[in-house]
Amino acid sequence: MKSPYQNIKEACYEANMQLPALDLVVYTFGNVSQVDREKEVFAIKPSGVPYEELQVSDIVVVDFDNQLVEGKMRPSSDTKTHAFLYKSWDKIGGISHTHATYSVAWAQAQMDIPNFGTTHADHLTADIPCAPPMSDELIQGDYEHMTGQQIIDCFESKGLSYEEVEMVLLGNHGPFSWGKSAEKAVYNSKVMEELARMAFLTLQINPKAPRLKEALVNKHYERKHGKNAYYGQK
Amino acid sequence: MKSPYQNIKEACYEANMQLPALDLVVYTFGNVSQVDREKEVFAIKPSGVPYEELQVSDIVVVDFDNQLVEGKMRPSSDTKTHAFLYKSWDKIGGISHTHATYSVAWAQAQMDIPNFGTTHADHLTADIPCAPPMSDELIQGDYEHMTGQQIIDCFESKGLSYEEVEMVLLGNHGPFSWGKSAEKAVYNSKVMEELARMAFLTLQINPKAPRLKEALVNKHYERKHGKNAYYGQK
Amino acid sequence: MKSPYQNIKEACYEANMQLPALDLVVYTFGNVSQVDREKEVFAIKPSGVPYEELQVSDIVVVDFDNQLVEGKMRPSSDTKTHAFLYKSWDKIGGISHTHATYSVAWAQAQMDIPNFGTTHADHLTADIPCAPPMSDELIQGDYEHMTGQQIIDCFESKGLSYEEVEMVLLGNHGPFSWGKSAEKAVYNSKVMEELARMAFLTLQINPKAPRLKEALVNKHYERKHGKNAYYGQK
Amino acid sequence: MKSPYQNIKEACYEANMQLPALDLVVYTFGNVSQVDREKEVFAIKPSGVPYEELQVSDIVVVDFDNQLVEGKMRPSSDTKTHAFLYKSWDKIGGISHTHATYSVAWAQAQMDIPNFGTTHADHLTADIPCAPPMSDELIQGDYEHMTGQQIIDCFESKGLSYEEVEMVLLGNHGPFSWGKSAEKAVYNSKVMEELARMAFLTLQINPKAPRLKEALVNKHYERKHGKNAYYGQK
């Protein structure tokens, strides 16, 4: 009998398999999930399974309170972070977490990735925020749950919208991204990695490189995402 | 019935497919066009289509006033820039625009790429110019049209010939290149990316690295492109 | 007749073939070995053989006193280093030595790789130690034997456990790693290379980047390796 | 009828095809030659031919005075440099010239590549020398011939042996390497590129990184190339 979660399991599997294909992870690093909003569950990678062995049937389904719904394997150790984000931000369809090299380097440097050009502005107007490392108290508590909290606190304190800014760095840890689907979340992981690499090189060439001027930030973001967008086919 | 534009559509398609093959773009980034000078039209990539899905029949044909001539899809959002360059510079056969990493980094640093060696001089004698970011007024106007204007202004103010210097950086944006054909334009995109990477590394190793001496600049350029050129088979 | 060492020869072969596949070596660089603790022998790559020509039957078996046990080829020039480590540290199952670029760069810089983030803490709590170059006297003596000694001295002087820290840099030389098997040793070589690259980029972006706070170091190490570990499927 | 030069043409072809396979060149950059010492001729890549179109029958044979001996195509524009080196250094069997990125960057920085570690010492004891750019007078003369002269002058002024040091950088230009065969010359091009990359990273991590101590330089070079060498199978 077919699983009632077959659709999200397949979408989750396909998106996870993109991570090594796009050079965003090695070995078992990283995890992607896909939500089903009606059923209030999400499909996520099992913990510690190498991508080359991963199968659709290994994908685990859990609910927003981290209860196992379907699957024989233990879900990703970051599952609670995903659950917390799905619960808090109700328009997210997928979440991606990688240890992509340049994104991690910025997270370890504990710095926001500045908006230096139109490649960045094509995707978001703000700098990519870097949330500060958690307090010792929170780390000793429910760590992965509080990781989700940390992301949300960062967005609130900076006045950012999760619908516009679909990516974040966790200080000393690495990148999380999201979007309307698991596939879009992975797309954002790859774009963030490219922006991280471009910004790194920009500062190496010119440590005083100016941020992108406001008029260009808005122009590029609007032509792709605004009311009168004219990028793409829809 | 065969399209009267089949030749340029195929040349355009082949050149676009080189962009991901040469690691110059990810996803839907970038666009290449091929002109037909007699018919005064050019073939260009449709907007926002992933390369792995692109087909020859998707290629769009437009005229120099940006009017759609053939095709069902919306042309690249940068079409007006291409049109303006074809109209202004009558010996260009193809144009390529990418978001290649090192080229973008120099554009974001708002710096010309210095001529540091014979790899550079084999292709052009000048530094690769970086056009300054557009004024706010122009950005709010006909943006992509003015992007073409910005390139031409840059060449005029620096006294450069578009027949010798077949590449430019747009400040805070990225690289454009051109040539006798779409294929040659893409070749120039790849060469520019290599030169951008070599110049970046050169300055990291020796921040005081001198520019290539005049005698070598001329020798290498002339042996490949001069009257008595002896590089290649023709 | 089948060799009594067939199992370790195959494990050794498979692990060696991972080195070029994971971009950790070029040409004949590097070597991996797999021990058989009961028989007190280990299987190791023959010296100077290109990976694309390597066969299981080429793998050499030697004992802990460097005596040839099986095989027609000369064993790796680093064999004595492997033998010394197997003899000294009785829970090691495999050893890997590469000339991976970023790891070698840190070794040449003669610096420990700082623990800057959770990718690092997922694998070890300490900085990756860099053993100082050998004294001239020792170099002129039994060099490869003393290389093993140098690693063990480094761990003793820093109070490190080889069971927790499964990797080291040899000053001016390059990385060695180990683990329960040859396969795990190679995994550690790849992880070390990733950590070396991330730490390099971190310091380029922020020369004052702080080390990972103690609470996060412990949290990430414990969730993967501690008593109540919840990463993976076991 | 088979060419009397078939052997060197095939060796030359195979070695040239290694350049793109080893990521040392793009497009038509670079050239490799293979000598026949008895016949006093060498086989070399034709000028400006893309590697993916290159065939054994395209390989050109010329003598040490640059006279065409066999072939329908024009030989590499660097042919005179090869001829001069074969004439001057009678134990060279093959020569390789690339525009590999990190090697070119050091050449453009006009700096020798320091011997920072055992990867370097496994191949040569000296720093990789960077010959100064040619005087204007020589550039205007017989340029490619004088490029060979420039290499030989560099080795004489530094007291280097071309049998031990099989590689050089030409200031503002790029790397040349040689060896007993075209294949070995290409091996040296690849090794030089790795050493160039490692040395670059070493200085980025620690600008005061010390050169490899004399005892280790000698130990590693001798164990691979000395009288009592014990690396490899011969």
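Order as written gives the chain letters A, B, C and D; numbering starts at 1 within each chain.
Criterion: a contact is a pair of C-beta atoms (placed from the backbone, for glycine too) under 8 Å apart; a residue touches a chain by one contact, two chains touch by 3 or more.
Source: prediction; values computed, not measured.
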item: Of all other chains, the one whose Cα centre sits farthest from chain C; value: B
item: Centre-to-centre distance between chain D and chain B (centres being mean Cα positions), rounded to whole Å; value: 33
item: Whole-Å gap between the CA centroids of chain A and chain D; value: 46
item: Multi-partner residues of chain D (at least 2 other chains); value: 204
item: Overall pattern in which the protein chains touch one another (line/ring/star/complete/other); value: ring
item: Pairs of chains, among all present, that meet the touch criterion; value: A-B, A-C, B-D, C-D
item: Contact set on chain C toward chain A in their complex; value: 22, 116-119, 187, 190-191, 194, 197-199, 201-202, 204-206, 209-210, 212-216, 219, 223-224, 230-233
item: Chain C-touching residues of chain A, taken from the complex the two chains share; value: 26-29, 46-49, 73-74, 77, 99, 101-102, 104-111, 133-134, 136, 139-140, 143, 172-174, 200, 203-204
